[in-house]
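The following blocks contain the structures, represented as structure tokens.
Heads up, the next two complexes both have chain A, just with different partners, chain B and then chain C.
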Partner chain A sequence: MKAHLKLTFLCLQLLIGTIWATPATDRQKIRAYYQQLFPQLTLADYADGVYAIDPIAKSSWLAIEEFPPYEIALEQGKTLFKQAFTNGKHYADCFPNQGIAIAQNYPYWDTATQSIITLASAINNCRRQNQMPPLSYGAGEITQIMAYMAYTSRGKRIQTDIPAQSSAALAAYEQGKAYFYKRRGQLNFSCASCHIDNAGKYIRSEMLSPALGHTTHWPAYRLNTGEMSTLHRRFEVCNELIRAKVDPAQSKALRQLEYFLSYMANGLPLNGPATRK
Partner chain B sequence: MLSILLAGCSTNLQQPIKQTSTQQSNRQAGKQISFQRDKGNCLACHVIEDGEDPGNIGPALKNIATRFKNKAQLKALIADATQFNAQTSMPPFGKNKILTPQELDLVVDYIWSLN
Partner chain C sequence: MAKRSSIKIRSKRFADHTLVRTLIAHPMETGLNKDKDTGELIPEHYIQSLTFSHNGKLMSECHLGFGISKNPFFSFKLKSAQAGDTVVISWQDNLGYSDTLEHHIQ
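Here is the complex of A and B:
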């Protein structure tokens, strides 16, 4: 009898959970959590990552931004973006508004291919359509092109949404969310262990950034490596850190993860390219 | 008979000295494993003695003998903290074989000694 009651209760909880855990309530909950943790921050502040919560790191970051180390990549990106493909077409021909000030619309759910299109994957799709070899996703030329595209989109607000009529889009979001909360690797961490549960705390001498705002500022010049780097490369690094299986940049799993994080950050201003430790 | 007694005496006399020095070198080894980034890396989350760049995800490790009944209890926590708190961020060092059984014992000896 007791066990029976327990079971009924559990079922009820599950039912309520599935009915109420919509993406919109997920987002509300996460934002309410951070607001309690960092009451001094406005929503837009989260676009600055760990610098929004670490005043000492912030002042050295602001000093660096006087002569931004990503400037060279930005210039190269502009040139590459305007260069014609061998067939005479340009990147601009592949994108709405010729590719200018549109980064806020990525990632999005593409009904035609029933998949998530990130800005990086759209760039390579464009190249393929124009008989150009795809670029590798972690570093190099793609970061330069993305730096330019991000720069033209500065101040635009993230527009990631889930089409109401698409259950496949919702499922992709749910998978991204599950990835974020699932413990993995020999060290048994989830993304949430570090960037939700312990945001603002120090792991060794590194302060952990909130997950809200993780997608606002890419690509980033990493002071540690001296290279421009993508969001998916950062996902790879974090998975290496916890000795987990490293899903490759732009794999389905990581595009779903980006979709989830970007949905959480809907409405935040873009401010890439950026500089990060 | 006398020689047996004497032998007994001499081992009794020697043992404490020998133990102290092994204890000390064990403590040193345990400390090293606890601090080393690719081993325990306990400093990632805990303040411990003079360890450099400690994080603050977990509590400072001190007065350990007052916090745990015995070494076995301490070892159980370090081996798999998720057993005691499913939400913990502390990695399961024994269960996931992050440390070998010998390394785990050395770490337990060292942490137990912290006051």
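Here is the complex of A and C:
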């Protein structure tokens, strides 16, 4: 009888837990989980991704960062950013503070369009407003412009809000969270399978990074391709690897995922552009 | 505005040597890659010779092939370099393009 009562009580607690799971409590839970997994790390350390927990990879990464390969893209990005559109306007005219030191405010919930605006989509919105063809997401020019914008925002702390008065914003966050935890693909993996449950363990030769801080260091120069790459391109590759349907970069699902991850990483310093394996 | 050099050079002095590092922006096409849109082979375009000189004296002449990566990175160790010394790095590729940059050791 007593055991029965206990079980009912537990069920009730679980029920209340799920109903009352607000974004803030989700964030607390994830951080507490990583805290017991990697007690040696401070919150800001998570901005370094897997290098925070892999000392061997970190030493070679630090050596690369002394003369980082993304500098070429950074310079090109600066030139592109300052170039005028055909109508004489600039990227700077589309963004608050002339586009300098603002990357930490993305992604954000836009009440006018009822959608999540990421930095990449904001760049293309800016181009559309100025009668320029949008850039393709994932590689090329957009990574260079983002590299420059991220560089000017280095050290700024991520500020992703979920506006309290907007239920649609909360729904978008919840969908992003669901995407993160939902198993899919032939291998039946979720994002969480690797980056929560097995963070810090090896998958063949590579160590799995914690999900906290996944949004801090983009765009990144990937050593495996020798190209600059975006967060959404990385999401695509993850889905390819688990043999799932690939949601294209900047699709609604991936923007919601970015919104969720970015909210988890609130307060972490931006350190992009970066070099990653 | 002057065109930006394709070469970047940085140097660092240590107790017994000076490390000079360089990053060169170059496509380093092998001639075996295909253009994704047209399916045509991209003609080979790679650096053939890279020279490194210290105070006007040629220290190293490297003959490169298409096996070297895109945007290649090289580093050189100098045994007897002083602050203010000049190093010059220049390259020439198979299509006749070239670039050169002078750098003063700090």
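Definition applied: the second predicted complex is superposed on the first by the 259 of 277 C-alpha atoms of A that agree within 3 Å, B and C clash if a C-alpha of one lies under 4 Å from a C-alpha of the other, contacts with A are read in each partner's own complex, and residues count from 1 in each chain.
What we mean here is this: contacts are C-beta pairs under 8 Å (C-beta built on N, C-alpha and C of every residue); 3 or more make two chains touch, one makes a residue touch a chain.
Quick caveat, the model's predicted, so the values are computed rather than measured.
In the superposed model, A:Glu240 lies in contact with neither chain B nor chain C. Once chain A of one complex is fitted onto chain A of the other, the partner contacts of A:Glu75 are limited to chain C, with no touch recorded for chain B.
Once the two complexes are overlaid on the shared chain, A:Glu65 sits clear of chain B and of chain C alike. Once chain A of one complex is fitted onto chain A of the other, the partner contacts of A:Ser193 are limited to chain B, with no touch recorded for chain C.
Once the two complexes are laid over each other on the shared chain, residue contacts for A:Gly226 go to chain C alone; chain B is not touched.
Between chain B and chain C, more residues of chain A are touched by B.
In the superposition on the C-alpha atoms of chain A, no part of chain A is touched by chain B in one complex and by chain C in the other. Listed in rising order, the residues of chain A touching chain C in the complex are 66-67, 69, 71-72, 75, 226.
Remark: chain B residues 43-45, 53-57, 82, 87, 89, 91-92, 96-98 touch chain A in the complex.
Of all the residues in chain A, the ones that touch chain B in their complex are 186-189, 193-194, 197-198, 201-206.
By the touch rule above, chain C contacts chain A in their complex via residues 4, 8, 10, 21, 23, 25, 69-71, 73.
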